[in-house]
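In the two assemblies presented below, chain A is common to both, partnered first by chain B and then by chain C.
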Partner chain A sequence: MLFKQTLSFSLAVAFLGLSFTAQAKAPVENAQQKGLRIAKEGDAKDIGFGDTTANMIMTLKNRAGKTSRRVISIKTLEGKGDGDKSLSLFNQPADVKGTAMLTFSHGLKPDDQWLYLPALKRVKRINSRNKSGPFMGSEFAFEDLGSQEVEKYKYNYLREEACGQGWKCHVIERTPAYKYSGYSKQISWIDTKEYRPVKVMYYDRKNALLKTLNATGFKQYLGKYWRPSMMSMVNHQTGKSTTLQWSNYKFKSGLSARDFNKNALAR
Partner chain B sequence: MIKSYANFVVRYRWIILVLMLLIVAGSGMGAKNLFFNNDYRIFFNKDDARLKAFENIQDTYTKNDNVLMVFAPKDGKVFTPKYLAAIEDITERAWQTPYSIRVDSLSNYQHSESVEDDMSVANLYENGASLGSDELQRIKKIALNEPLLVHRLISEKAHVSAVNITVELPKTLTDEKGVVTKADPTKLVTEIVASVRDLKAYVEKTYPELTVYLSGIVMMNNAFGEATIYDMSHLLPITLLLILVTVFLLLRSVSGTIITLVVIIFSLATAFGLTGWLGIELSSPVMSSPIIIMTLAVADCVHILSNWVAQMRKGSDKYEAMRESLRINFIPVFLTSITTAIGFLSLNTSDAPPFRDLGNVAAIGVMAAFFFSIFLLPALATVLPSRVKQQDETKTLKLMASLAEWVITHKKALLVSIGGLALVLIALIPRNELNDVFVKYFDKRIEFRADTDFISDNLTGIYNIEYSIETKNSGDIANPQVLADIKKFTDWMSEQPEVIHVNTVTDTFTRLNKNMHGDDPNYHKLPESRELAAQYLLLYEMSLPFGLDLNNQIDIDKKSTRITVTMKTLSSKEVLAIESRADQWMSDNIPELKAVGVSPTVMFAHIGMKNIISMLSGTTIALVLISLILMFALGSWRYGLLSLIPNLIPAGMAFGVWAIIDGEIGMALSVVTAMTLGIVVDDTIHFLSKYRRARVEQGMAAEDAVRYAFSTVGIALLVTSVALIAGFLVLATSSFKLNSGMGLLTAIVIAIALLVDFLLLPPLLIWWDKWLNKGSRLAVEQIK
Partner chain C sequence: MAKQYLIKSMGILSLAASMLAVSANEFSGEISLQGRYFKDEGASPEQNKKTDVALSIQPEYKHKWDSGHKKITFTPFYRWNQQDKERTHADIRQLDFVGSLGEEGNWEVQAGISKTYWGVTESQHLVDIINQTDALEGIDGEDKLGQPMFRVSRLADNGSLDLIVLPYFRERSFAGSKGRFRAPLVVDSNATTFESAKKEKHIDYALRWTETVDALDIGIHMFNGTSRDPVLSPIIKNGKPIALKAHYPQITQLGIDLQHTGESTIWKLELINRQFDDSKNQDYSALVGGFEHTLPAFENGSEIGLITEYHHDSRGEAVGVTFQNDVFVGGRYTLNDEAGSQLLAGAFVDLDDKTKSFRAEASRRLGKGFKINLEGQTFMDVGNDNPLKVLEKDDFIQLELQKYF
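After this line comes the complex of A and B, so read on.
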């Protein structure tokens, strides 16, 4: 699922069969409908990417200025009829090298997750509904990195505004529709032309601003799919931050469901 | 020169009045810059090594500013569906606390266990109201066997339980538009406390069978502000009333009383206005200065006004009387103000910044009071209508005369008895014990103190020491050798009699190891390899929800870990003892991982001694300066040397008395000697200058000079001392111990100083007469 982080807040594949042209016909669209429509349009932009592989360097920084690095490579398989599947392989730090995590993301249903622990040579199911905790001690939670299925949120269109680089953005408020989210809401900026997710502000359960995510260095792959090369998350409450540097994006390398099962974890 | 000043003041009284108003308005505008800082950290220098180490821990992990809410059910049973449901509800609501980053309670404790060969991590319970008795028993068993919970969130007897809210006070605030503004920490604390008290009110209404207690760092910080507000609203009016009554009784003059009131108000306004302009932060110790300034300002007014009234009673008109009073009083009032200000300024050597601020604010106030006493007071006095009745004052004079006779008659007995008493009391000084216990800074009128006492009696300690164990390489926190060493240390710590609870990540590792082996109790030990430990931890961390992560215990590089040791209520001495024992143990057993113990508890334990040492130099400087001024004022170094006795002995005796009535000293009392030096010296100046005038200039014999001194200044000394004692006794009723202790001890010093000046100084003057007047004998004989 991390894999898809790419897509991160962007949107994942969802209901292929759904036709949004039908929805667009609605005579007067209210803010909720407009928000949902744009989310779906953004999601549709990414349909058909098939699979991706990428490398990620995660750099954590605490308030004392100390940093720490994790290196992860990620494979993602586009879901058909359900959420995406992903497999993350941890390369650094050394003592978790070879640890791999498999995620089947779903809509409102909790995602399924397994972790392969090389020291134990066993696959363990992550038996928890919690997706709101920090991922490897970083400022990213599972739910920030995981596949952003459209139905995980309720939407409310706020406004359109300039968002740097001469881009214009849709500003949409998203309210998590799943029970165990750590957020009360998110405000996301999506550029109007290519639906690239530029920025997200996260509000905690007491509705105070918690974190801001900025994505930069977007590149287009296969002439269609946009991915950021840098994502930076700042926690306003603790002063800690985490950056993700993405590299080696490859699309459609012919991965199949066999590369995303429990047996694939140990490889 | 003084005469022409006196003429000038009386002649241009209207212009002076206008000028004074302008001055007070100009300086008073600085009050707009005043702000109150209630953070306990202000008691420490910014470069204090322990404070820095502590802040570094907080920057590496997370802050541990917190609100601890404790809930006591009337039936003393925590594990009932009703209570557990209430805790669930309260936990959920506690997340709404402003600036909260974490909420810990029984209900959201992340219990891990082995389920079908997988590790399950989940809230300890959900839907408490629907729990059956088997489930209740199961939950109770887990909770009471979990080292992370017992003595922290649940009492051993399972009769009270807590919700701990961790907050992070932001340095800046960011609004929705991304605009950043600087945050006022005092306001943030007020906001948090308001929210927590709302929650408390909600709980007491919704669950009447629960009693709620509030403690934690945030509540303590708030208590600094609340104690000050309590003092301001209760003590200031009493002080004012006391002063007005005293002044009226002494002067029997309505206008004299009004004038004193105006001088006091102007002095306070100027002092606090300038405080604002200078950018000095207000804090609880600084807020004792209004009472101090008011009390000291009265002394100036009383000296000038009583002579003025006396002159008028003799038949002078109010202008002439004022000129005469100014002529007599200018020098003594100036000298006593200067010495008092020097005493306060010597607080600048204190190690605790709030006491430096207190010294500066009080010194400004004392000099402002002097300034207004010599300009505003005469101008006002000659402008206001005043009626004075003829009065016979011989009665009080007779009293002083008979006191003088009694002292002269019993001079030997007095020398022996007062001298002996002084020696005994001074010998008692070492019986005082250093103790700065910040919880005890507040007396029981302050809710924080009462609640905290309950919590430490029933659930957990509020004193702690933190250790940040640093390893060499990243990820070393999973190294079995490191973990074994840490466990050795925490096991040793847990065995110490002072220790209630040790929070350590090794407990998490042993539990995870057990979970990963199907909850087999044989595996309730540290994982065998580094990889296993690291990977268990990764799995566990992946399973934790928002806010309940391990970032408060393990740093981002997995290179260091925080151990928190909670202790019983201890004196500073005991805190220092366990700190140094732990130091020694680490040096002997785990030298590679040795860490310095830090926490507010440790910092407060050290501050008393540090402050005493730093105040030694301040006291010495004040003593030298004041003695020089005295030698100059008295025109004799011999008298100056002699004055050391009545100037120093009172503080020494007072600390002896303190050993008997209280016996605990801390940072507040360490400033008393320097501070009172400037005040007690006033009595000596007045007495010795009159004595010397009689002995040297008028050539009286020593005994007659003593009689003269008693009759001329005896009454004034008695009255001003009584007024000062009364003022500081009001301060002694403060709800804030740093202020009340300082007030009481200062009152004792001033009382003893009067005693020494009346009963010990005269016999000494007679006894050492020859030596004292060696240089001036010629002059005396010439006069004869």
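After this line comes the complex of A and C, so read on.
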């Protein structure tokens, strides 16, 4: 669930024909229905991406400005009838080099996840109880990085507003529908034209603003799929921040389910 | 014998090197400095030092090609130890090729010196039979010697079927006279005997099937060949025992490992049945099973997992079995912080004779490329017939600094 979510996070794009139909048919659409419709349209925009590979540099910054780096390469395989599969391979820090994580994401059902520990050559199935826990000490929780399947949230459409670069955004409140989330709600900004997720504000269980995520540098691949090149998460309660810098995006390189077999973790 | 093995391995290495196309090379590794302090002088007069220092180096070279579908790895290992010259040792941990084959990538082949891990439990590794334990490295049985092997696997959507051929056997390494964690008599490696006339060249086979069905991970294996566990017996000279010798019998083992991963609780079970070709040895079954329960995370993101595992062995304590009716109770504290800090601590309790052993391991990153590990174990109320009796004077604490490059 770790990384692929970031990937799918960047996915949101809608199939225009679909949205036209939906709008025409739903003159009395309420805020919940509209929120769900836009989430589905965003999800549909990414259908057919097949597989992706990308490199990610995660930079952690504490309040004093001291930084540390994690370098991870990620492969994702689009799920047919189920969630996506992803494999994340760690390159830095040096002590976890060769560690790999395999995730089969599902909707509301908990993700399946295996960790490969290179020193022991051990593949270990792990549970997903503490979704709210920080990923490798960063400001990204495991649940922020997981695959953002539509069913994982309940939606409430708030408004439409300008969101920089001359873009207009849908502002949607989403409430986690899965168990053990660390959030009471999230407010997300999705641009109205291409459904790119540009910003998310996270509220903790006490409903206080916890973090803000900004995604920038969107690029389009294969003339269809949008991905950000930079994501920045700021924790308002601790003053710490984490950035994700994405590079080397490749689509449809012919990955198969065999590349996401448990055996593949050791390769 | 060990020297010959190393020379042969180096031959394979030069062959591998000549096959290399120069691209996608990765070079990394680690150097570690280790200090041990023992609470007491050892049980034998030669074990009169309370401190010990050791250094180790383990570089790793990897070459990947065909979009990462094929890989060659070379990982030599060397340890220098101050007190025990037997613990100063070298090994080739890995020197192998792994690659997926076929249009769909349905087949995977591994050839060379390698390491394979099987199993799910934390406090004992019962089904993990492929590699010999490097007993000089630690007493937890997690360090392994490189094993020459050829493996072919048929991959499926949620599992695989592996056939492994093991053409050469590695003897277990044992501490020398000045080393700790040993019986009162040292093991004379020149006196080793084998049931098979082919000795270490006996060809062993293993077959393993794994499958994931929703929350359940299933593994079933069959192993036929030289037992990795030696039978130790005294060498008698002039009516007095002067040393121990290791004998390696032929076995057939069937085993199952199961894990059910719930959202908060993971259930684990490992079960084996071992039959000896030679009826002088007693066939037996053993199991280790239990659970790991994750508590809700603390506000700062740190979390605690509680572990309980039960051990059983049908032979009982008579033949030097440590885990015949024992329980491990422990916990894992993961801070989820920037330094990746972790603490694992627990106790083994023998339910028959009340022998107890406490063990703790802690680690965290220290600045760039450094990691610090702290480890300790103590043995208490050790029963006179308990195999841990020989370790009673070996309570220790170990500090290790690792540099990764």
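Following the convention adopted for this analysis, the second predicted complex is superposed on the first by the 241 of 267 C-alpha atoms of A that agree within 3 Å, B and C clash if a C-alpha of one lies under 4 Å from a C-alpha of the other, contacts with A are read in each partner's own complex, and residues count from 1 in each chain.
In this text, a contact is a pair of C-beta atoms (placed from the backbone, for glycine too) under 8 Å apart; a residue touches a chain by one contact, two chains touch by 3 or more.
Because the structure is a prediction, the values reported are computed rather than measured.
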Clash or fit (per the criteria above) of chain B with chain C on chain A: clash
First (chain B), second (chain C), both or neither touched by A:Q237: first
Which superposed partner A:L60 touches (first chain B, second chain C, both, neither): both
Partner chain(s) touched by A:N263 [first = chain B, second = chain C, both, neither]: second
Chain B versus chain C as contact partner of A:T192, first or second or both or neither: neither
Partner chain(s) touched by A:S132 [first = chain B, second = chain C, both, neither]: both
Chain B versus chain C as contact partner of A:T175, first or second or both or neither: neither
Partner chain(s) touched by A:L209 [first = chain B, second = chain C, both, neither]: first
A:Q245 touches, of chain B and chain C: first, second, both or neither? neither
Partner chain(s) touched by A:T99 [first = chain B, second = chain C, both, neither]: first
Stretch of chain B, among 542-550, 596-604 or 668-676, that runs into chain C once the two complexes are superposed: 542-550
Doubly contacted chain A residues - partners chain C and chain B: 60, 62, 68, 93-96, 120, 124-130, 132-134, 136-138, 141, 180
Of all residues in chain A, those that touch chain B in their complex: 60-64, 66-68, 90, 93-96, 99, 101, 113, 115, 117-120, 124-130, 132-138, 141-142, 180, 182, 187, 201, 204-206, 208-209, 236-240
Chain C partner contacts - residues on chain A that touch it in the complex: 60, 62, 68, 93-97, 110, 112, 120-130, 132-134, 136-138, 141, 179-180, 253, 256-259, 261-264, 266-267
Chain A contact footprint on chain B (complex, rising order): 56, 59-60, 62-63, 95-101, 115, 117-122, 168, 170, 174-176, 474-475, 478, 516, 529-536, 538-539, 541-551, 554-559
Complex contacts: residues of chain C adjacent to chain A: 28, 30, 64, 67-69, 71, 98, 100, 104-106, 108, 115-117, 119-120, 142, 153, 155-157, 159-160, 210, 212, 215, 217, 259, 261-266, 294, 296-297, 301-303, 336-340, 365, 368-369, 371, 402, 404-405
